[in-house]
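Two complexes follow with subunit A in common, the first pairing it with subunit B and the second with subunit C.
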Partner chain A sequence: MIAAPAPVNRLEKLKKRAFATPFDTVISILVLLFLAWLIWTAFDWGVLQAIWRAEDVALCQEAGAGACWSVIDARHRLILFGLYPYDEHWRSTLAALAIIGTVVLSCIPWFWAAKRLIPLWIIGFATYYLLMEGSLIGLNQVTTDKWGGLSLVLFLFSSVILLGMPMGLGLALMRRSRLPVLRLVASLLIDFVRSLPLLTTLFTAAVVVPILLPDWLQGDKIWRVIVAFALFFACYQAEVFRGGFQAIPAGQFESGKALGMGKWQILWLIVLPQVFRHALPATINMVVVTFKETAVVIIIGFFDLLASASAAFGTGEWVSYYMETYVFIAFIYWAFISSLGRYGEYLKDRMRQEEH
Partner chain B sequence: MGRPDCGAAFFIEMGELMLGWRDFRQMTRREIALQLGVVILLVLVIWGAFTSARTNLNTMGLTSGFAFLERSTGWSYSFSLIERSIDDPYKKTLLIGFLNTLFVGFISMFFATILGFIIGTMRDSRNLALQVISSVYVQIFRNIPLILQIVFLYAILIHLPSPKQAHTIADVMYLSNRGIMVPVLTLPLAVVAGVAVGSVLIGAVCLKWVSGALKGIGIWLGGTLALTALAAALFTPEGAGLVSIPELKGLRFRGGLTLSVELVAMLIGIVLYGAAYVGEIVRGGLAEVSKGLVEAGESLGLGHLAIWWTIKVPMALRSIIPPLGNQWIFIMKATTIGVAIGFSDLFYIVSTSITQSGQTLELIAILMGGFLLVNFILAQLVNLLNARMALKGYGS
Partner chain C sequence: MSFIKGWAASAVIAAGLATASTSAHAESATLKTVQDRGTLLCSGHNGSYFGFVEVNDKNEWKGFDIDLCRALTVAILGDPDKNQIVPLSWAQRFPALQSGDVDVVIKATGWTMGRDTELGLQFSLPYFFGGAQLLVRKELGIETADGLEGGVVCVQAGTTIERIVADHLKTIAIEHEMVSFEKTAEVIAAYTSGRCDAYAAWGPSLAVIRATQIEGADEHMILQDKLSSEPISAAMRQGDEGWVDIVNWMLAALIKAEELGVTSENVEAMTANPPNPTVARLLGVDEGMGSRLGLRDTWAREMIATMGNMGEIYHRNLGEGSPYKLPRGLNNLWSEGGVIYAPILD
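Up next, the complex of A and B:
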């Protein structure tokens, strides 16, 4: 295949890509006009005509007023921290930063080894838990039912990943095991959980499990829901790992055997590192999806970001500013999810280049 | 990817398992002991759950069993496709919830697929402006949780003006906080249901016997339109116009069709979100079509549109359909979010029934059974599509 001659400069390139034919030109202009209008309207509403400070809330009622960010100024603590005690918000902030730091560090290739990644997540998660709960490090105890807002979202997210990843690997190994009983149990579980909506699984954990378990085994509702969520994650992740296993040629196992390595040695030293590598893009995709899906926990009664946002405009003077509040939390979610997604795309591109 | 069927895979695995027993004699003692241990553990867990369920239910004073299905519910809910009242028995209410889930699911699947193809084609086009706007769309709608989008839409819709001050489009459509009123054919419900069934049948026939995606879709759409026209000609009630247009009478609207706020929020929310995903799937599929095929089309003098319809889409469909099937199943499951805004889908009906009747275990079993069934049906549909789209000489 002969490549078309590369366009000489940017202007020429733009001309080729947007104004090649009269039809293209018309479409390009219409679309650009629409985009310009959209951006201008949003900018005018959200910035130029917006009211920013809580004490200016009276101005929001005037004709021509744009976004009333006063609601965020006045209620951002409720939105971000939920019902967590006001004086302890610094703990919630630090705890959230610990999780964000853990996720950011996990994106650096230096950490992509079991001996670094596992301690990193355990330290990050323990930091979060100790700070939020408090009693173990001599702070005031705050029970999990008071946890809320962004910190709760990050807590659910990180505990689901931390629990679900080994569970997923275990299920994937069981599913490709030589032993029929293990294979059957894993297959049944994976296919069953994958057939059900997440909400059904979580609802079952919250409402049905207390009936099926004796009192002493039930634990907090939040832990039951986290375990169920982790199981859901694990069943999808097991399929991702399975794809990774399928990409490993049989020769890899055989050469391990030829070197006199044991079954587990081959798995741990030769196969799994390659499986993780192959499964990386799909795994990041699963992580992104999991972050997004945590938002459904509002339905089974947790005070997550969505619930605290509804509470923020739910009273008195703020009732009419639902739009501003939702835009605010939509932006928070968007920032987290799209940066994770961007990172996944970047990795995929990098791996594709390495292959060539 | 590439394994859309959760239902059928089940049976295949069972078969594989039977074959697996052949290796039994080759297993070491430790391996047999391990498996025996797993079986014993499972039996113990199930037995433990069973006994503790019995004691827990006894202390709560509940009787298990499905007898409650015959009792009347005594509560109302937001949306139903068929006649209902608060005296309906549980079984009918649950059926209505199931129908609502299927209704929202299939309509969302349909429109999300169409919109997704448009978005994906725009992402794949050479026009820079189209690429930019479609990627902005995907970036926004894919990266915000669906439940937030639906709750947001719902909030916007219930803050629309009351029916008296409703926004109107050309005096035939009205937007108000009571829902969206649109003109509708004045056909009895049974006829509408008949047309819907007929349309599905035409679709099935096209899928089975008509070759070529374009022709199939054309015949299906044409047949459905003809059927609708025929029904309108035959069954329009005496004295009524062909179309009923909503009109403000006093404080509420008469005539036309009222789409409730919950339904509209669900449909728009799921379609916009689903289309962003379908768009990415379609873009990926179109990008995989080899350049040589497109150049071959160009050298035959085909225009852009003809190349897209007759070369790119048919070739791309092979890689699009498996992930698209997964996306359809996702959309069906996403209807459970309706509970957040009070839309009476199966999940909403089941959770309300649980609070009202206390028959938790039975109702959860019904909920799970419903979704397993839907999954199974969709998996069959996707397999059928897959078999239809397979091209000769292109492996599988």
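Up next, the complex of A and C:
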């Protein structure tokens, strides 16, 4: 183990880095001034001069008025819940919390076992579906075309990851298989899907499939889209896993064989844990990108966060305040994605500790 | 998307054969589907389209096109809420119609030859005329584009508006200068800073810009001239004549009601005491309005009582009762100087 470096005086370090020469000092001060100005302007606009309540919207038109958060006050339920019926918003809230809870719990190492993880996800998704759809537990039925806003984004995202991860692993294993048929099928599928834009894939699932398939084979639009999206994710993720496999030296397999372990034992106990570790940074990247890409479903007529935000300012009363609306949803995206990123950092640290 | 065309063509042939084999007064397969389902499927939008398709604070659809869908729902099912508004993007609306995801597309859709023929659609009579219009300062004191002699007109670059305005002003022999900008915000800035005398754009959009993006909106006005005209109609699948009849007469009844002075306010009084035979027929006092279409005789009365007539729907969503205050112009009744008319109600 390497000894920790001696603690350095932070002030000294800063001085050495930013104020070493007069030229450095000038540049540093200019940058600091610019940053201060930027932060002050944003603070002044967003907080000090801002108008907060929907009733005060008239004040937004006055000279010197800052951000008009009235639009959020008046329209936040549209942004967060899309077209979900107004009186049933508590269901959408609980459903979103169920998904967030499921994701948070499955991030805790104690849950990392199939016997805990699988029931957790089944319960989480069942709770979401039963609450959102409603008719199975005696609430008013809300059809999937009315699902929207943040709850829909969270549902799409977690379903795509949940379906796509095992599919991706399966495809990666198929591509490494000794059987030529499996290998060929996997490579063809991966290359084909990766050569199409996500938008085309989703548009095909949402719009073209109903024209080609008989009614009983179609299923609801939301499921078709989730399956197509998951397939798209899986094909990319398969390549990420393949990279992870290639990083593992052949000696690992051979040592496993020498210990008398079977093929699947070697895979499950020796290879895969290392594959996951190698693939982790790229996987977190994929997950973050997927969260943001859910916004593409706006094109096939889903009322996701972006669509409901544009509907929120898409009326004569609120059209001037699109900036505030975008800032609001940018904050929501930032909150979720930075949490994902933070968790990724934690995982990497944890795995590094395990290695030593 | 030739396979869609192929599909549409075969559907048209199939539907054509089906129609030929039934009786002369067309029975609508779509109507039957809607009645069996108990819900009408209409087109919504993925976001909102000013004045036509929007969402209110209670997460409910509203707007001119939405009100027409609700009126159609009352006509068929007797309750404006028995519909499902399916959110669709612009590109999705026709495939969704062909695949049966919606029963009708009422979504600011222009009646074009390509859509009518190649896409296998059928259009209703136009219920709205949109077109290029001009926004000017009231202080110019002009009423029509004739007053723009020697003026500067600003437009957004790369749209059809540019050519339409040039054509129109050339036709009426008005000397002018045209300045085009890349972005909407730039055109607005040029107009408000006084660089241009007039701002040309699609009428309904211009009304939104005037109402919301320009300070002192009351000092500006949209000229009545329509420099181009785009008839906006409801789109349906080809081959269901009976369904087209229903949508057409739904629109016709709303227009006729306005023409005859029947409003949501006075519809009950008019029913109790119809001033003339046409009103009596429209409101189902005399029999016959419904059975010809396969609906109830009182469908138009119920529709007007719930949704109002065409004028009321316009007023509420686009006119003085809305934030847009779009002058009716061409969208007035023929008797008021517009081009909106209904076929004869006999």
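One rule holds for everything that comes next: the second predicted complex is superposed on the first by the 309 of 356 C-alpha atoms of A that agree within 3 Å, B and C clash if a C-alpha of one lies under 4 Å from a C-alpha of the other, contacts with A are read in each partner's own complex, and residues count from 1 in each chain.
What we mean here is this: a residue touches a chain if its C-beta (ideal position, glycine included) is under 8 Å from a C-beta of that chain, and two chains touch if they have at least 3 such contacts.
Computed from a prediction, not measured in an experiment: that's the story for all the values here.
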Partners on subunit A (subunit B, subunit C) - clash or fit: clash
Touching partner for A:299 - first (subunit B), second (subunit C), both, neither: both
Contacts of A:196 with subunit B and subunit C, given as first, second, both or neither: first
Partner chain(s) touched by A:22 [first = subunit B, second = subunit C, both, neither]: neither
Touched partner set for A:83, first subunit B, second subunit C, both or neither: second
Contacts of A:183 with subunit B and subunit C, given as first, second, both or neither: first
Partner chain(s) touched by A:204 [first = subunit B, second = subunit C, both, neither]: first
If touched residues of subunit A are counted for subunit B and for subunit C, the larger one: B
Partner chain(s) touched by A:109 [first = subunit B, second = subunit C, both, neither]: neither
Shared subunit A surface residues [contacts with subunit B and with subunit C]: 203, 207-208, 210-211, 298-299, 310, 320
Residue ranges of subunit C in contact with subunit A within the complex: 4, 7, 44-51, 54-61, 84, 86-89, 91-92, 95-96, 98-101, 208, 211-213, 322-324
Residue ranges of subunit A in contact with subunit C within the complex: 74-75, 77-78, 81-86, 143, 145, 203, 206-208, 210-211, 221, 298-303, 307-308, 310-312, 314-317, 319-320
Interfacial residue positions of subunit A with respect to subunit B in the complex: 1, 14, 17-18, 20, 24, 27-29, 31-32, 34-35, 178-185, 187-188, 191-192, 194-200, 203-204, 207-208, 210-214, 239, 243, 292-296, 298-299, 306, 310, 320, 322-323, 326, 329-330, 333-334, 337-338, 341
Subunit A partner contacts - residues on subunit B that touch it in the complex: 1, 3, 6-7, 9-10, 13, 16-17, 20-21, 23, 27, 31, 34-35, 38-39, 42, 48-49, 52-53, 55-57, 126-130, 132-133, 136, 139-140, 142-149, 151-152, 155-156, 159, 291-292, 333-334, 336-337, 339-340, 347, 351, 354, 360-361, 364, 367-368, 371-372, 375
